[in-house]
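Next up, some structures in structure tokens.
In the two complexes below, chain A is the common chain; its partner is chain B in one and chain C in the other.
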Partner chain A sequence: MAEILQILILGLALGGVIALMGSGLSLVFGVMRIVNLAHPSLIIAGAYITYWAFKLLGVDPIVMLPVASVIMAAIGVLLYRLMLERQTKSAKYSEMTVLLTFALAMVVEGALGGLFTNTQRIVSPDYATDAFFIGDLFIPKGQLYAGIVSLTIIVGLTLFLKYSRLGYAIRATTQNREAAELLGVNVNFISVLAFAIGIGLAGAAGSLVSFVFSFFPAKHGEWIAMLMSVVVLGGMGSILGTVVAALFLSVIAAFVGAWIGATWSTLTFFVALFLILLVRPQGLFGEKPEMA
Partner chain B sequence: MTVTLQQSTTSGVLEARRLHNEKLARKADQTRAAWFPLALMAVLVALPLLQLTGNYNYVLHMVLFTASYVAMASGWNILGGFAGYISLGHAVFFAIGGYFSGMILARFGVSTIVTAPLAGLVAAVIGYLIGMVTLKVRGPSFIISSIALLMIARILFDNWEFVGGANGVTLPVTSLPVLWAKIPYYYAMLAIAAFSVWASYRIKHSKFGLGLRAISKDEIKAESAGIDTRFYKVMAFALSAFFVGMAGAVWGEYITYLRPNIFLIMPIAVNLVLMAILGGKGTVAGPVIGAVLIVALNELFVAMMGASELNILGTGLVMALGLIFFPLGLVGTLARRGKLPRVLNWD
Partner chain C sequence: MSELLQVTNITAGYGDGPAILDGAHLTVEPGKVHCIIGPNGAGKSTLMKAICGMLTIRKGDVIFKGKRLNGMRPDQILREGICFVPQERALFPKMTVRENLRMGGFILNDQKELERRIDGILERFPILRERADQHAGTMSGGQQQTLAMARTLIIKPAIVMLDEPSLGLAPKVIQEMFDIMKMMSAEGVTVLLVEQNALMGLKNSDWGVVLDLGRTLFEGPAEMILSDPRIQELYLGGKKAA
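Entry: the complex of A and B
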């Protein structure tokens, strides 16, 4: 029983971080129908910002989080303007953006690899290697803090989307781009804003990831499919769905890792992705099979 | 008042259509230079004679390497170019072909050059089965499912002890002298490449190819026009897997290793996509030109900066710029502007 509980706790803590990693992806897809395959590589870029701030200036990763997300958001605006905006008129828009963001992922991977080499790195503040003990159970502090921060950000994001005027506009654009434009929403601005928020979330996730997982530039390959499975299961565009799916899948992956073998734990995500796409492409919380 | 309807018999319609098709074919023949691929082929077949004058193994290797990518990109093009289903996971079939023939070589000593067609068939059958499942979704979903496929295959092969797991299998080295060691693989790969280009031409000009192109334009309309879209798509998947599998089979013996981190890696899958798209998706010459370009560019990058992360950066940049400025690819863009040189018009 204690073992099951222990695995559950570890799975949930990781799931919280994965939820934040996926939420930006989901938002960007929801508003702009862009499947951003570069998202994981931008998370790693955020992780490097945090890493160097910690290493050179000794800034705590959690303190660095807002800075990293602002830097990444600015990069997001630039990227959108440079390569994605002109695609909006393309007939094969969604496929083009998938390929373009994939190319971007390679550029980011190559640039980071060239700058910082492919050494595994991890930020190690004191709490990253510490844990709380409750009876037989232990909760790693790093993962717990990361999970809490991540869920806080997601709650904040949800509130922003639900109650602010810009949030209204973003949700309206998600639901129906043309209708939103007819009602006076500046969809272009909303698209840039949503993309910036999405990439900003990647930066924030990067700060948390930096002390939870060890990372190197080529690591994003693994994460693409992992995050995709989370986002697709949750229903592309649904933040709540992403959170639920992230918690659910990472708990399952934790059990698979503990009981069957660590190598098979990531397979959970890939197989899940495969199955969801085939059985219910719209995901748990998606409204209609938009991507199918 | 009586109205006389013009009698149109079935044979009359067929006759008219045949005449029309012939007219189109004649028109196409005027712009096509069929001699060019044949001449190119003749030069490549004669190329190993260079070995009599010195050691040109590097040249042969580059041609062989390019030929393997020509075969794979042309195969990919059947699904990705004609049918419009972009797969980022075709390295899986490269591995299936390589492992199938490679394991036969390791166990029974039969050369992969002999078993390559069989390896292609195995890849095609597996492609058919996978296609039955994944081709239910389209657009970005399909692309994502193909990435997932590659990831799943990588983990399975990494842990499959029968084929050596992550360490892979070492295959016997050929007993030929160094100068001539590459020749069998050279001709085998050249034959596979030529076969796949020829097949891709035949497919494009068949009813099947027409159906695929209809699917890529608008699947729902194609379906309502009476095309069995599901069967067409799955067949396209199987055919594209066939060529990739054949190339993989010979490649495995050529490099004498079977290892997941040689076969089942993203760069290979990406290269196929990149070559076909940069050259011209859905054209016959496109993947060939794309393969030549990318291999040359890659070699240049490696020569200038070493095989490093900068290589990935360069590939990504080329891909992004190509997609932004030449979304139809080199052949497609030139053809649209009416500036395609005759020697490159193979369609």
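Entry: the complex of A and C
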């Protein structure tokens, strides 16, 4: 029983971080219908910002989180303006944005590799290697803090989307872009804002990831499959779905890792993605896709 | 005639595609119900989309209260006082009725005034009050259309454009939609209507516009159009107006 509880705790703590990693991807898809394949590479960029701030200036990763978020959000605005805005009227919008964000992921990987090499990095504040002990159970402080901060950010995001005027506009644009425009929402501004928030969330996730997982520029290839499975299971565009799916799959992966073998743990996400697309492509909270 | 909206020989189409409208004109008088009729593909919906800024006008002018609207975005045109309800009703299915109404007043800055107006709408439309906390996507077609039409009243617009409000509704419910439209008109809201059921649309309107192949063929009092044998033959299925 203690073992099951232990695995559950570890799975949930990691699930919180993965939920934050996926929430930006989900938000951007929901509002703009962009499958941002560069999202994990931008998380890694956020992790590098945090890494260097820690290494050079000794800034704690959690303290660095808002700074990394703002820097990445600003980069998000630039990327949108330079790369995606001109595609909004394209007849091949979906295809173009997939190709562009894939290319962006490659560029970011190449740039980070060129600047910082492909050496594995991890930020090591004191709490990252410490743990709380409750009887036979241990809770790694780093994962616990990251999980709590992640879920706090997601709750904040949810409250913002639910109650603020801009949140209403974002939700409305997600559900019916044309209707939102007809009711006075400047959907272009909302798209920029949503993309900036999405990439800002990537920056925040990067700060937390920096002391939870080791990272290097090419790591995004593994993470995109993991995040896609979370976002697809949750229902593309649903933040709540992303959180539920991240917690669920992380717990499953933790059990697989503990009972079958650590190398099989990551495979949980890939198998889940495959099965979801076969059985319930709209995910838990998404809309059923229209049949051709 | 003191026109509220004047559309003069406009040309418009989708993207870089061919022109759907080519020589469409329209005169809208304040406080009246105007019905645009014409066969499928005539450009009726396209005309409304061009007026509300969803399509770029390539030639011609749209003048509202003396101001040229060409090149303005839909949100800017809405702020001028022109509201458009497209065929698919443009609701937010995962928002409640109250949230949909709140979105109807998105351009209002005074939130207290917005809540007061929402309460006013819920008072006038009991079916919406009963379902204020229900997601719009779970309501019947008639209830959704009622919500879409009621939502336009939040900003007290000068013109409401309705694109086929009767589409997919049962005959009894259709009459309710026309009753709401008449109520809007009685309150001084000018209504511009596109209706596939041309006979019913004209019977509930003051003014008629016949559009075909992207151009306006005829404009005049609805009664005159209903009694014109040529128009009856070509656009009203040969039926005489009762």
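In this text, the second predicted complex is superposed on the first by the 289 of 292 C-alpha atoms of A that agree within 3 Å, B and C clash if a C-alpha of one lies under 4 Å from a C-alpha of the other, contacts with A are read in each partner's own complex, and residues count from 1 in each chain.
As a working rule, contacts are C-beta pairs under 8 Å (C-beta built on N, C-alpha and C of every residue); 3 or more make two chains touch, one makes a residue touch a chain.
All values derive from a computational prediction rather than experimental measurement.
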item: Chain B versus chain C as contact partner of A:N118, first or second or both or neither; value: first
item: First (chain B), second (chain C), both or neither touched by A:L14; value: neither
item: Partner chain in contact with A:Y168 - chain B first, chain C second, else both or neither; value: second
item: Which superposed partner A:V107 touches (first chain B, second chain C, both, neither); value: first
item: Touching partner for A:A73 - first (chain B), second (chain C), both, neither; value: neither
item: Touched partner set for A:L183, first chain B, second chain C, both or neither; value: second
item: A:L233 touches, of chain B and chain C: first, second, both or neither?; value: neither
item: Set intersection of chain A contacts, chain C complex versus chain B complex; value: none
item: Touch list for chain B against partner chain A, complex; value: 86, 88, 133-134, 136-141, 143-145, 147-149, 151-152, 155, 158-159, 266, 270, 273, 277, 308-317, 319-320, 323-324, 327
item: Chain C - residues contacting chain A, complex; value: 15, 52, 54, 73-75, 78-79, 83-84, 86, 90-95, 99, 102-104, 106-107, 151
item: Chain B contact footprint on chain A (complex, rising order); value: 35, 83, 86, 90, 94-96, 98-100, 102-114, 117-118, 217, 221-222, 224-225, 228-229, 232, 263-264, 266-267, 270-271, 273-274, 277-278, 281, 291-292
item: Chain C partner contacts - residues on chain A that touch it in the complex; value: 89, 91, 165, 168-169, 171-172, 175-176, 178-186
